[in-house]
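The data blocks that follow each hold one structure.
Presented sequentially are two complexes of chain A, the first with chain B as partner and the second with chain C.
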Partner chain A sequence: MSRRVVLGIFENESSLLKATRESRQSGVKIVDAYTPYAVHGLDEAMGLRPSRLPWVCFGAAIVGLALKLWFEYWATMTDWPINIGGKPWDSLPAFVPVTFEVMVLAAGLTTVFAFLVISRLRPAKRPVLVASGITDNRFVLVLEENDAHWDFRRIQTLLQKHEPVAVEERFEGE
Partner chain B sequence: MADLALIRHVPLIGGNKTLADVTRDVCRPLETGPTKLWYVSFLAAFSALAIGSVAVAYQIATGVGTWGLNRTVGWAFDITCFVFWVGIGHAGTLISAILFLLRQRWRTSVNRSAEAMTIFAVMCAGIFPIIHTGRPWLAYWLFPYPNFRGPLWVNFRSPLVWDCFAIGTYFTISLVFWYVGLMPDLATVRDRLKSGFRQKLASVMSLGWNGSFRTWHRYESVYLMLAGLATPLVLSVHTIVSWDFATGVIPGWHATIFPPYFVAGAIFSGVAMVLTLLLVARKTMRLEEYITIRHIDVMCKLLLLTSGIVAIAYVTEFFTALYSTNPYEEFAFLNRAFGPMGWTYGIMVSCNVLIPQLLWFKRVRQSPWIIFPITLLVNVGMWFERFVIIVTSLHRDFLPSSWSSYYPTPIEIGMLIGSFGLFFTCFLIFCRILPVIAMAEVKGVLSPAHPSAPDREGTSIPATGSEAALMPSGVRS
Partner chain C sequence: MNHSATRERFALRLAPLLRQATIAAGVAAAVLIAGMFVAPERAWVSLWMGSFLLICLGLAGLFFVALQYASGAVWSIVLRRVGEAMSSALPAGAVGILLVLIAHPSLFPWYHHPVHTEGWAAFKHAWLSYPFFFARALIYIAVWLGFGWAIRRNSNRQDNESGPELSRRNTRLSVIFMVAFAFTFWLASTDWVMTLEPHWSSTIFGIYNFSGMFVAGVAALALVTIALRNVGPLRGTVTGAHFLDLGRLLVAFSTFWMYIWFSQYMLIWYTNFNEETAYMLLRSSHGWGKLFVLNVILNWGVPFLLLLPRANKKNPHTLAAGAVILLAGRIVDVYLLIAAPFSPQSPVPSVWDFAALVLVAGVFITLTFRTFFSSEPVPLGDPLLPESVHSHA
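Then we have the complex of A and B:
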């Protein structure tokens, strides 16, 4: 499937934010934006839903906690019970520190791993850069033609209002 | 609120920088050869590391008997160094995670090097308990793994096992946190450098980062969660380290004050170490406009605050011991301050409590040449604090017949030198191959007055002034 996209390349955050807001209001489909840093408020301007990764983090924490707690009880009460200084078999308070550490470890590693998978980031992957300078000082807004009434001029005028460095039309083959 | 008004009008980064300036300035050390000063420092650090390696190799080959330990003083230099280095690491997490959650945007200039410092410090720390086991090739016995001895599991009721998990998790999460912060900057390095080892490293490690905002959006959420996880983690780590002592019955160790006392001390020594490194880095790498006098001033205030907490802990534990009417407790503390090793207590109190009082003066907080020796002395004092806690409590315990003294051997001193060598060698290599300032974060806090810098209208935060500049980008109110 090929598609037609328009790139608005900007020099600063505020132009990008304004252009994004206006594009969204006028019903143009926003493919993505490319920025050198996390621009504050751009998620609202683009209408992105909050990430669901916190749920992954929460789930991993619960699983890590439960598995570790079970393992501590199993190892010290069932598999090879050893009486250490007459301490009770059910030493829950003494099991807390390790359980906590393992919970944090499981939650942290799983969250980052899930993030890499969802964002399709992997070692030595070749980056697809839509324009030069994105990782330096350029802000790019990518809009997609999504209906028959696509009017490049109209989009161009819309983007031109916000002082872009360049507006480009591209065909993407997929 | 006068302070807040001041913050609004003073930009965090000096020199009216543009986004491209930030990239250029931070990448400069990666594009040019090292300076003479770097070579000299590296040679010094590497020599120290070599001395330490020889000492450790001799100790492993011969045995723990090469140390000055005896039946009464079973822990001394090794555990002192362990606690010292773990403590140094804590400031990195404080700056990267706790200050992030507290929305202190000034942290952006210093967090990268502080996090690197955490990782290297925890590496230094980890070496000591491992070689203290006497048979470091069996160090994996510290973790529960299926084995042919039963399987015999580790004792989960022991603070030493807790410690193992705490340090292991702390190292892993710090490394991940640091790496996640590095990803966008590695992409910048990848796109900026033409060729060479650093470019290749950045290409592999930047994971194909292309600045997509959909990725940024998730990234911010991940960063916030990691900060949220690292904050209780860092508090737990030194708490657990303090339990190595507090769960024992030795007078001077068996105290409920230990967890907060240790955490505050850890942050105190860590902030001092961050300041030591930053004062050198900003001069030698020409980063004065990024690490400004204001950053140093704020860090000095943190130093003063934690010094105050440590001072209260010293007074409280002494008072409690004398008030306890327990003769052993009373003796332990009087012996600490006035016994044969009283001079170590004197160094501890003067370096940690008296000298930092100079930081009350604004003029001192703004003069790097006065702060630098203060930070060094604080770390001397904090090393001695751990020595005082460990050795003076042990050397005269319950029965006078078992009293003893302790003198370090050259091997132990060599190990101490070696740990500093390892720390600075790692740090100097880091300065040469990775961006020392978090570019992507600094770009987000550039002065709003600048034409290419943010005006943040239309967000959920009122756009008047630059209150938004106080917010870490991951946190929405």
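Then we have the complex of A and C:
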């Protein structure tokens, strides 16, 4: 499948934000925006749904917490009871620090891996840069043709209003 | 000027509430004074709890302002006047503290029965001598009032002479204040709360009190901010982005409180020394046990889960609910800290306790809103104000 996209390349984040907002309002489909750093408010301007990653994090934390607590009770009460300082077998206060650490570890690692999977990132993946400078000082907005009345000039005038460095039209073959 | 006209309009809308708060405070003060003659052994404890709550709320307002200056935060500039207004509760709290220290120092067991503990006997004896104790209280209060006065003065002056110079001066003051605050608040909480049980000691006690003081302060600040946004003066300037950040502070410091609470509890539980466990045993058994659990639920369990989702931090209704729960938790916490040794068998909630709480709420609301309306609702002269208004989530 091939598609036609337009790249608006900007010099600063405020131009990018304004262009993104206007593109969305005029019904142009936004493929993605590429920036050298996280731009506040860009997700809102693009109309992205809130990330579901926090739920992955929360779920993993609960699982980590439950598993660790179960393991501690099983180890100290059933499998290998040892008298430590006369404390009872089921010494919850003593379990809490380790449980906390395991919970954080489970939540942290799971979130990172979930993020990698969602964004299809893996080691040795070759980066594809849509334009030079997006890891440096350029902000790129990628728009896609989504109807028959695609008018490159209309898109161009829309982007030109926000002082782009360049506006490029590209055909992508996949 | 147009500005002051709108300000007066908003003040008028809040006037009935303020009048009620003032009247309630007056009635509560009268009840407390009566209590000092009817039931002095309870009423002075109530006043002490109330004064500590109030001075902590004022301090939290000042600490919030100083923290934002010291960290160079921009998002919170629109909330600076709220923090400054809260710090006006400081002198009122100080009056209560000094009143108890002057009129009823026998609240402290070491006042009549000097402490003789092995090892540190000489030091404890000197540290807990009344003149030195009282002089220290004066120093703490003077330091807090001095910094609060200077920071607020600079901030108000900036409204007329805009530019970064006064921000820079306040940043410098704030950094010095935070160092001074760390020492004075640690010592003050030790003096005013820990020495109610002079044979018990905990080195983390100052941090524990700081965490409770600050999380309750941010909760109160969030409630005042929401009220001011609903009534008018902060409508349009305070947005979901600011609520989100306040919610984050609440979740973070509620968890910090829990962390410190547990650190103290676990070490005492683990070492199991008689002189240390007495403190926890008193609070976790008999009638106090339920409050002991409730303390953790209100200060961390419920608000943590409630404010964890991003949408709930952004929504003023859920944020307000979390803040109210945290303030209720703060009252339980202070009650456990201060009232427990006075009735070891079980809590004896009295009308004097209730009167003290009404007095604190009334004085806090009256002073905070009156001070807020006495100056511009946001620091107009701060060059970074526009950026703060347009904060993003």
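Simple rule for what comes next: the second predicted complex is superposed on the first by the 174 of 174 C-alpha atoms of A that agree within 3 Å, B and C clash if a C-alpha of one lies under 4 Å from a C-alpha of the other, contacts with A are read in each partner's own complex, and residues count from 1 in each chain.
Simple rule for what comes next: contacts are C-beta pairs under 8 Å (C-beta built on N, C-alpha and C of every residue); 3 or more make two chains touch, one makes a residue touch a chain.
Remember, predicted model here, so these are calculated numbers, not experimental data.
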I'd like to know which partner A:Leu7 touches here: chain B for first, chain C for second, both or neither. neither
Using the touch definition from the top, say if A:Pro54 reaches chain B (first), chain C (second), both or neither. both
Residue contacts on chain A - larger count, chain B or chain C: B
With both complexes overlaid on chain A, does A:Pro97 touch chain B (first), chain C (second), both or neither? both
Does chain B (first) or chain C (second) touch A:Gly108, or do both, or does neither? first
Just checking: does A:Gly41 make contact with chain B only, chain C only, both, or neither of them? Give me first, second, both or neither. both
Is A:Val28 touching anything from chain B or chain C once the two structures are fitted on A? First, second, both or neither. neither
Check chain A for residues that touch chain B in one structure and chain C in the other, and list them. 40-41, 44, 50, 54, 94, 97
Of all residues in chain A, which touch chain B in the complex? 11-14, 17, 21, 32-46, 48, 50-51, 53-54, 57, 71-72, 75-76, 79-80, 82, 84, 87, 91, 94-95, 97-98, 100-102, 104-105, 107-109, 111-112, 115-116, 118-130, 132, 134-137, 140
Chain A touches which residues of chain B in the complex? 18-20, 23, 144, 150-153, 155-159, 161-162, 165-166, 168-169, 172-173, 176-177, 180, 183-184, 187-188, 190-192, 203-222, 225-226, 229-230, 232-233, 236, 240, 243, 439-441, 443-444, 451-460, 468, 471, 473-474
Which stretch or stretches of chain C touch chain A in the complex? 262, 265-266, 269-270, 272, 308-311, 392-393
Within the complex, which stretch of chain A touches chain C? 40-41, 44, 50, 54, 58, 85, 93-94, 96-97
